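Each of the two complexes below includes subunit A, the first together with subunit B, the second together with subunit C.
Entry: the complex of A and B
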């Protein structure tokens, strides 16, 4: 295998080495958060976290645990850099990205440290491509200070019930309003567009509702432009947890199963639209 | 007005909306005693469609409005772009929607369309509407010398060979043969386009009565929606027509519904009627012209498209669309004369230009609500 045929000397220089037999397990999940070019890679012994932010109001994170990789070696407690996610995805899909059954693209990512590019070795059918992508100074991802103790309302829904709603959302509405309440409507998505308004109601006893823990009635509006990108993550996922905290901040967590059935997570944090008072 | 549809009926209703969307940008919702009519007309006023769902089509149909007595028969004009998305994915409607409820609420000028879906999920859409007078084309099919009725698939099979971009086709009928061919505008080189002709033998039709051999040219795009609707419900399609220049009417009916599409046909350039050589305008790019163009064609002879007489809504909304599609220099293509059927207005509409489509005995006069 060409990828493993690298000299031992080279290998020792890398602070981070990660290999995957199927590059799609990484590229698919990164596509779910690739709504901006700019991304922050943070690697710890637990695995890889890729963060994308938008206007300081929205943050998307993809978590790929170390166990998902065939090899994951990190020499420091924390390795972080910024990288252009669009370029990275183009490289991961360099062999065309079409899914021919049985043909996999193998990936090896190597990083020497601060100032060095991220090197990708990609192999498919005996053909090897080496990509070196420049990295930048990592910015600190925003801390939305969203902790479970402040969560007032939480639901977990099966993604299939939300997929249709999200694909039908009236995009002429500037906001997506989310209502969570112990009373009816228990969980409601609303839009206010040019042709009128629309409401999607999910009752607490629906068989699509896995968990329903709502303690108080909360209605918050979020900019549609910020939440619409989460539709990709929703499309990949099988379950989604929606949580609101006391400040009206929204947390969306998507459970994604990859080709091999392993679990990864994508989460979105979003600030409420300031113009509207919380009810 | 308040009505409820169940299961498969929602999909059929959605198919009707799709067919109407091929015709015009606005959807008229007209609740009547005999049922709920959905209508559309194109900007050139040369294509009209009406889908009338009788009370039998619905699980529940009532003209009473919960909030206001007497407001049940309000007629609404909706923007097609706001209605079509609700029914866009018919496969998903078939899978998920158990019940659909449509009601009209006057206090806030909203039409409420609610889908009750599997797993207890409810989708509610409140759409703005404009109050409007009824829109109706009058067409007397009993006066047509030519009538055909084809099983649902036949016409679909005949037209499927034409490219989706094909605007107009010519239907040629004689007692021995029926054929469809693509219409190529004057001035365009026949040899540079793919010419398609499909034909059928009268035996394949359930009913075939040709009094006058004719070649009529009309817009195919506007018809496709109805053909698709008919095929999905396996209903035969009836065609009523006459010579070139007179409108053609395609209709589909069963116990619970009646759907009609009336299309204008191109005038035969050699025929006696219009004295000018017909430089046939392209209907496809007929945008609603400035109102002035109507006057410019005032002197034009028979066949002047007086077009859609929409009585402006008394609410002051800009209900009237200026008629006619054509470039001022062109001879009029034969268009349809529509008359709003608000009974008080009938007299006012009986003006000079010859009527191409007369009072139809099938269309009842509106006896409904007095105009507000």
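Entry: the complex of A and C
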């Protein structure tokens, strides 16, 4: 493979090496969380986690398991760095963002450790591009302390049911209100915008509803500006799980299938907006 | 001074339109120079256009079914006009449905008329419009597929304002950008180097004795290169680049009946 442009000696110095025959399997999922430049890469023997945060109230994570890569070698238990995600995506798409059938861009990512840039080797049609992207000291991703034992309400929906609603969301509404309840309306999205209030209802016995586990009635509002970026992840996904815990924290988990049919996950955590309306 | 030409063949009209459209993407105004055998679209490098210059030559016989001109005088049988290629392009596109196109300098025909405003370039300025001589280049190389080059340059433009183009006589070309955040280098190989036959550069020896691995490079404004690549509507039969180390990038596209040269000056 033409990407072995490095000497054996260089190879041994990398704490992280990862290769993919199809760079789109990484770039597509990263696009789903690229609403900020600033991202934290965390690699473990299980794979790669990329985190983007917004105003300490929202966190988006993309998980790409080690098995998705053709090669994934890590010399430490944890390798982490901060990197500009917009720049990384421009590099991953250096040969053009659109997909031409049958034309793949191969990728090899290498990282030597603290203080070193992330090096990418990309190859398409015999042409090789080498990118070196500066990294910084990583900040610790926020721990939203969201665990399944505290989940009060959970639904799993087919993404197509939510895509229409999310693409039509009234952006003049400052909040997106989510109601989950064992009783009607079961699962409701609401907006309060300049043109009036809008409600999208998903009954528990709908074809689109795969799992419905709601134990108590909860209504919470979340800043529209924080949740709107999740529309990209929704567009890529086939299923989404929506969970609320006792504090009103929201977890959205998206199941994404890549070009080869392998599964990756994207999740969003969001704090409720301070002004919570009492029902 | 008079000029009258007629294009009947639809394929010729389409080809002519594509050439004008390509030019319109490269510059807002240029000089149209008409001679008995050729049309030239000329842009002389000035500070106001970032120093780029352009020379496009069309053999009139390959486009026009009828072509009559009376130049400024018998000795100077040429006409030089300052035109906006975009106006020409638009006019040509709207006469697409008309079966023939007759560009004329003077009055109307009965079919479709477009009066495209032009300025006459006075004879005393004609010396600025000579065909640029081939620069004494350090390296001459065939360009990679323009589509791939355009894709790469488009992405590089997101990352940097300047790009370094380097090439050697072993058919290798690199496009490089470097900023505080990132460095990106794209390596093109096995491009081939044109042999210019009895051109001055070859005779005088520098390229004969030049180490084929050594790169000649020039740092250019990425938007100028991008502008050139965006404009290409037709696959040229030959696409080449001459690099004068740290001075100029000279791009040449040859089709059967059209040649286009574009000069991008290097910046520090």
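Here, the second predicted complex is superposed on the first by the 275 of 279 C-alpha atoms of A that agree within 3 Å, B and C clash if a C-alpha of one lies under 4 Å from a C-alpha of the other, contacts with A are read in each partner's own complex, and residues count from 1 in each chain.
The definition used in the following text is that contacts are C-beta pairs under 8 Å (C-beta built on N, C-alpha and C of every residue); 3 or more make two chains touch, one makes a residue touch a chain.
These numbers were taken from a predicted model, which means no experiment stands behind them.
In the superposition on chain A, A:77 makes contact with neither subunit B nor subunit C. When the two complexes are overlaid on their common chain A, residue A:143 makes contact with neither subunit B nor subunit C.
By the document's definition of touching, neither partner reaches A:12: not subunit B, not subunit C. Within the superposed three-chain model, A:197 lies in touch with subunit B and out of touch with subunit C [touch as defined at top].
In the overlay built on the shared chain, the residue A:205 is in contact with subunit B alone; subunit C does not reach it. Overlap of the subunit B and subunit C interfaces on subunit A: none, as no residue is touched by both.
Residues 84, 87, 90-91, 93-96, 117, 124-134 of subunit A are the ones touching subunit C in the complex. Per the touch definition, subunit A reaches subunit B in the complex via residues 161, 164-165, 168, 170, 194-203, 205-208. Only residues 144, 148, 151-152, 154-156, 158-159, 180-190 of subunit C touch subunit A when the two sit together in their complex.
Those residues of subunit B that touch subunit A in the shared complex are 79, 81-82, 85, 92, 96, 110, 119-128.
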